[in-house]
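Read from first to last, the chains carry the letters A, B, C and D; within each, the first residue is number 1.
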Amino acid sequence: MSIAGNVGLTDLPRICPLISRRVQPSVDAEETRVVVVGEVQFGGVRPVVIAGPCAVESLEQTLAVARAVKAAGAEMLRGGAFKPRTSPHDFQGLGLQGLRILAEARRETGLPIVTEVMDPRLVETVSEYADMLQIGSRNMQNYPLLIEAGKSGKPVLLKRGMAASLCEWLGAAEYIAKEGNLDIVLCERGLKAFPAGEYSRNVLDLSVIPAVKGETFLPVIVDPSHATGVASMVESASCAAIASGSHGLIIEVACIDEGAARPKCDAAQAISPETLSNIVRFIDTHIERTAMRKAHAV
Amino acid sequence: MSIAGNVGLTDLPRICPLISRRVQPSVDAEETRVVVVGEVQFGGVRPVVIAGPCAVESLEQTLAVARAVKAAGAEMLRGGAFKPRTSPHDFQGLGLQGLRILAEARRETGLPIVTEVMDPRLVETVSEYADMLQIGSRNMQNYPLLIEAGKSGKPVLLKRGMAASLCEWLGAAEYIAKEGNLDIVLCERGLKAFPAGEYSRNVLDLSVIPAVKGETFLPVIVDPSHATGVASMVESASCAAIASGSHGLIIEVACIDEGAARPKCDAAQAISPETLSNIVRFIDTHIERTAMRKAHAV
Amino acid sequence: MSIAGNVGLTDLPRICPLISRRVQPSVDAEETRVVVVGEVQFGGVRPVVIAGPCAVESLEQTLAVARAVKAAGAEMLRGGAFKPRTSPHDFQGLGLQGLRILAEARRETGLPIVTEVMDPRLVETVSEYADMLQIGSRNMQNYPLLIEAGKSGKPVLLKRGMAASLCEWLGAAEYIAKEGNLDIVLCERGLKAFPAGEYSRNVLDLSVIPAVKGETFLPVIVDPSHATGVASMVESASCAAIASGSHGLIIEVACIDEGAARPKCDAAQAISPETLSNIVRFIDTHIERTAMRKAHAV
Amino acid sequence: MSIAGNVGLTDLPRICPLISRRVQPSVDAEETRVVVVGEVQFGGVRPVVIAGPCAVESLEQTLAVARAVKAAGAEMLRGGAFKPRTSPHDFQGLGLQGLRILAEARRETGLPIVTEVMDPRLVETVSEYADMLQIGSRNMQNYPLLIEAGKSGKPVLLKRGMAASLCEWLGAAEYIAKEGNLDIVLCERGLKAFPAGEYSRNVLDLSVIPAVKGETFLPVIVDPSHATGVASMVESASCAAIASGSHGLIIEVACIDEGAARPKCDAAQAISPETLSNIVRFIDTHIERTAMRKAHAV
């Protein structure tokens, strides 16, 4: 019996020859392609921490969070100007104004910006402001969007779809690569699976980290915020991701201690800058330990 | 403990007020809104059968299949001109030429056409040829595309995402409705779930049919081809869908008995015109029985 | 890369040679082994309807439901004397007293009885009262229990585990067969999958029906009550199961119109005897139609 | 609409009052109940490493692995004498002889033993040899077995079912607790979920670790071997588990470098003693770091 659409890891050389480790012999078996965004390096020695608000809501809020995450050790700023929301009646993001606010936050803090683009017609505009384009989970197989992102020449953060196989995910990355753009960072963010929703939003699939590394030379990071959906779980999920070999984290942070308004979306998963500091310290000691272990092995 | 993004059926009046049965009191509890495409009525007494090739590959192939499915009792023609494929190196569809072939098949057979659109920039072009726009599973939450489809004024077939909750699916439909377009037909096509891939491509979730009917007045149909991915399972899945109360079916058919080439995509799930005839006959007797039962009840 | 425990349909001849259609050449490709319980035949022309209360709660309740389901057309009585409950503090069933009540209901109505056994030490006792032993989903891979059920010589109803692959399910049946007992009826009852719990308890996987028939000659039925968990969905799920080729149904029924107490477990999924009558009528016309179609084909 | 069987975290005080943190006010919010097995403490400062062969196959093999895992830093020995296998024709374990071999390995190495029991009639026998009883995933809801394990007075390792919700898992633990036995250690071992089987056996759900800690005072460990099913993924999964706050690990190890035979089951997921050493070193530095952080915080 044959099943339509059934593919497996052995099909990857055909599905994504441009990014398959098995097809590209010039890339060393251990090596990760380093994707550079400003002074940030994905796939280098140190895992990258991206942090920021879920949505850009105002200049004040964005600057406050940007300063706080920089102080906590983040190297890059996230924030949504265009928000994919379950209902069209929910807050959809500030759009162009949000991009301008992000640019202002970059000017202030020096942190490069990653922000989501959902519409192929807006890739050019978003590229004018952002240092890195984010393709969200809902759009992982939005191929016209992936092609425009590829053409933009900007580094792309490609989130895994909520029920995407590894083959589908790497196939999506190949759409970007086919336009001549290999500056792709993959991002695991949790699967929809039973019993997600009982105690966490999704099920974080950390086994995909070594699986990705086995199949492609592209760096891969983790979004613990959407994976868990619960602020109190973000620190343990972040540490687990780093221990799994993730090349970085993208984390939602809110500053709510100063009488600020509650975030307009996903408030339940935003952590405080203090918790972010803990995560950065975990990374610090993780790197030291890895370095010591390598020195010991030599 | 609060989980970000957790919503349930009780949130539907807020998520999708325009299509929620609970919010729209003028729509009778039992009634389905009839969506008209040419002479075809979704949500009327008779379930609608849409059939045709997976992809439009040539005029000859398309005409052959179109004639065959019409003879077998289908009322509407499907066929992909723009194909979302896992790999960018796979056949992507004939594009504009494919649309012209579909229009020619309509001229020949009189069958109205539904075809997928993936790019908001192409909604206008596809609308010139198609009688109904299909939004595929991968694009269920491609909101810019949904908005353009809403603006087009064309009837829209909105497939359920492969891991979409009912709330997310109806939320997506609301994006179309918000543009003033209530001519929406929902389409269940199977979930990604364990152990899908062992004997079928996905898990067909027929319980969602009565659930949809309880929450909205929009008609809902089933795609047994993608749900099973196995040609030999399509007939039983089709009959089960009709028995579940589905307002129709969209089925992939291939004519491979005349020395024709094997379809370029999803060949394993395409049924023959003869099997399609069996399905249409099942619908005939199903309607008779339902009519008799209603007469008996009076 | 090799994954421990990964098996597929091609492993079935090794996993379950005694019940594999591919290994047992004497069984015709189309034929189902008929499992006889009293005058009831699973795998014959007519799908079997088993109905009754979730749990046996009292003689009065059980007799009332037994009479009602017989009047509605059921051929066999179900009812739990030993109940597997999520909490040890919940009602665990009447035990031996429940078995005696079931036997009394059989004496009164003539309906053979199927009831669950959870403990290998109780297989002998339950076998004294029951006409068929039920192995529940939670115990699908309780191998000592399966072996005792095999040794009992009683027909066995083997429910599919909530996340069992087809290979695991048929492997479990093989444990019974290995004890010399081929009187096994399989029962699909819904998978745990996202987004189960939003509108239904589980996801009913009807594609497994043709898949089972392709791999083994054992009959297979469906439990629409546990699959949906919602009384208003049971009729449509039952009809879908029959249309999918199911050899029968096992349905929970409650008589709550006469001032009776609400059932102690799973009340939300129990249907009325009237709804059961509708399902039986659907089966009547389904058989007529199938018979006509076969006559027409000759 | 009401769905039968739907429970959530708010039902836990009713489902499992004996082990619920919310019901037992005497247990401090931060504290874990320490479960003692010989000199091993689950829930103490140091995560416990249990290691050993999948199945006990011979005295030589078991001793070799036992010595190797002890040398690598494991504190406790695992090994199956009774093996739940998908097919009854596969190796079922050495049974009583296996228990004797385990006892001999304990005598030699001083490592306490945990081994699986599947049959309530064998709990007494297994308890004579084992220091801790393991209830496997397939038997998580085998309530007669849980009750006997509770009565045995032995510490119990309760694995999570492959599709069990947190409520079902803690409900199962409550069956043991109800018999007066609170020496329960929970063990997460991966969920069956899409796309498990593509690159890993199951999906390891580490978010359940903080969720368990929020709801009960029982310690919780992780089985990275069954969770991944791939030897090359076990180290990263182990480190992730420890970083998530797991109280320990249970790992399958094989000694295959000395011309030994390939293990009879699950060979693809067994790691070498060298890899186990790496994992133990990760734990060492993890504890140091945690200790430093606590000192810093004071």
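Basically, a contact is a pair of C-beta atoms (placed from the backbone, for glycine too) under 8 Å apart; a residue touches a chain by one contact, two chains touch by 3 or more.
Computed from a prediction, not measured in an experiment: that's the story for all the values here.
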| item | value |
| --- | --- |
| Joint neighbours of subunit D and subunit C, given as chain labels | A, B |
| Centroid comparison with subunit C (C-alpha atoms), farthest chain | A |
| Homomeric contact subunit B-subunit C: same or different residue positions, threshold half | same |
| Mean-CA-position distance for subunit D and subunit B (Å) | 46 |
| Between subunit A and subunit D, centroid-to-centroid distance (C-alpha), Å | 33 |
| Residues within subunit C bordering two or more other chains | 1, 9, 163, 167, 192-195, 197, 199-200, 214, 230, 232 |
| Touch-based graph of the chains, sorted into line, ring, star, complete or other | complete |
| Footprint of subunit B on subunit A - complex, ascending | 1-7, 14-17, 84-89, 118-121, 138-139, 141-145, 162-163, 167-168, 171, 174-175, 178, 192, 197, 199-201, 225-226, 229-230, 232, 266-269 |
| Subunit C partner contacts - residues on subunit A that touch it in the complex | 1, 9, 163, 192-197, 214 |
| Contact footprint of subunit A on subunit D as seen in their complex | 8-9, 163-167, 191, 193-195, 198-200, 203-211, 214, 227-228, 230, 232-233, 236-237, 239-245, 281-282, 285, 289, 293 |
